[in-house]
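What follows is a pair of complexes built around subunit A, which joins subunit B in one and subunit C in the other.
Moving on, here comes the complex of A and B:
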């Protein structure tokens, strides 16, 4: 017991590490399940990046739709990234984070478009920014924000 | 063109490697690298130390500042100088000019600093009862000089600090973690040094007084004082061996070498502390 108290910071580190890994991967799995389910739901609403002129004349109304999400890294992912910073290479632990953030942002944007009764979203743009710039410094945990925005268009019903 | 919704089956944006696998590769690699660096630094330090003459060490001691806020204590110095007289003629310790400082603190400790300085805490003098016990402690510190332990410690500590700062920067959790892991190896190393210094002290004690009475009395007293809070587990990571192990080791040495054990001389502690603290 005494040795645990003496090295409290080490013990805390391992608890945080296990917590980060356990809860982090559980939350990630849950999120991915939800993403896949909703992507199927919204699959019939097309989203394109182009500013195509083919819908000119067919559009009834258009409106800006946005979706944004902030996802935080967990303690385990952060440690993996720190280790990666030493050896170099792909920071694999952050890949799923960015992937989830982007897909979630698009999904939220699609939900908004659905509310407005849109048939297609054109001119999709995606932006990512870091919140908590010094993610690996001074014991801070960083998060990533993904914003998706586009023009939701309702077509004239024929 | 008709739009047909399709499900995306493959996700190329996320690597398939399991995070735990990646973690073990990275952490293992790091430990290996740090371990190699640490061992190399240790060996280099040992090599450098064996080639450092007391002259260079004295120079080092005067140019690096070790401020312990100690004061010179003539009564202690006289006792110490007397202890030095029985060192062998060819002892490398004769090249040092030893000074001894008394530090006003309740901590029960004494330590050796490069360049022939020894700091003794008031807490230690308070708990010492006989001349022989004091001599054992002082000879123990001399043992560190004889084995150049303080220089080794300095080199290794410096190497460790520089290495972890280079790898992780000054203030990061990873640096702390690595330092702690390595310190536990270091602990083994320093515990060996302490035992060696005890051996040296015992030999000199026998030379000086003709017997080794009082050698374990001081450690015995400390062990009894702390008996409720000194589990062996705690000493896994400590720089000094467990007091009981230490006493057993010293007793073994006494038996092996057949040193006689006789009565100790009472220490006039009042005079010793008076010069500085009254």
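Moving on, here comes the complex of A and C:
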């Protein structure tokens, strides 16, 4: 017990690590399940990076739609990323973070487009930026924002 | 006001071009949400406060751009692009620009 008290910072570090790993991976799994489920739901609403040539039929209305999300990395994955900095190579923990953010942003954009009765989204653009350097003091980028935007086009129904 | 991010407005015909219009907002990122954000940094996941903050700012910037276009006599903005840059520690600028046009 005394040893634990002597190394309180070390104990705290391990608690945070376990919390990060446990809750973090649970949340990620849950998020991925929800993403794949919703992606299937919205599969009939095509999103393309191309332009007008992708519109089949007569366009009726068009409007800009955006979707954005800010996601943060957990304590455990941040440690993995720091360790990766020593040896180099793929930082898998960040890959999944950014992948989640982008897919979520596209899904939110699709949700908005569906509300407006769109049939296709053209000229999709994706942007990612680092947010919240102030939130963690070690100047490690912990969270990213992904923005997806495009033009939602609804067609004249025959 | 119609907004698109392609050169044209599908389904409409552009009759007049007015040139570039822009709008921007600068937002500080810590507004009491910072505490929640630092907690979320332990377990990971979405920072809802920040998502909302940035979404609102972007809407505000788009609104400012639209206002500028309206003053020119335009009724649509095409070829819109979004950009984010950090101007200072803890502050972000959200920038929107596009071409003001008049459609039929």
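Just so it is clear, the second predicted complex is superposed on the first by the 145 of 158 C-alpha atoms of A that agree within 3 Å, B and C clash if a C-alpha of one lies under 4 Å from a C-alpha of the other, contacts with A are read in each partner's own complex, and residues count from 1 in each chain.
The rule is simple: a residue touches a chain if its C-beta (ideal position, glycine included) is under 8 Å from a C-beta of that chain, and two chains touch if they have at least 3 such contacts.
On a predicted model such as this, the values are computed, not experimentally measured, just so you know.
Participant: Using the superposition on chain A described above, determine whether A:92 touches subunit B (first), subunit C (second), both, or neither.
Facilitator: first
Participant: On the A-aligned overlay, A:46 touches which partner chain: subunit B = first, subunit C = second, or both, or neither?
Facilitator: So A:46 only meets subunit B here.
Participant: Applying the document's definition of touch, where does A:9 land relative to subunit B and subunit C: first, second, both, or neither?
Facilitator: first
Participant: Which partner, once the models are overlaid, touches more of subunit A's residues, subunit C or subunit B?
Facilitator: Per-residue touch count on subunit A favours C.
Participant: Could you give the residue numbers on subunit A that contact subunit B in one complex and subunit C in the other?
Facilitator: Looking at subunit A, the two contact sets intersect at 77.
Participant: For subunit B, which residues are in contact with subunit A within the complex?
Facilitator: Touching subunit A: residues 3, 5-8, 11, 13-15, 17, 19-20, 22-23, 26-27, 29-30, 167-169, 171-174, 176-177, 180, 229, 231, 233-234, 236-237 of subunit B.
Participant: Considering the complex alone, what residue numbers of subunit A touch subunit C?
Facilitator: Residues in contact with subunit C: 16, 19-20, 23-24, 27-28, 31, 51-52, 55, 58-64, 66, 68-75, 77-78, 97, 104, 122-123, 125, 127, 129, 131-136, 142-143, 145, 147, 149-151, 153.
Participant: Help me check something: in the complex, which residues belonging to subunit C touch subunit A?
Facilitator: 2-12, 29-30, 34, 37-38, 40-47, 50-51, 54-55, 58, 62, 80-84, 86, 89-90, 92
Participant: Could you pull out which subunit A residues touch subunit B in their complex?
Facilitator: Against subunit B, subunit A makes touches at 2-3, 6-7, 9-10, 13, 21, 25, 39-40, 43-44, 46, 76-77, 79-80, 82-84, 86-87, 90, 92-93, 95-96, 98-99, 137-139.
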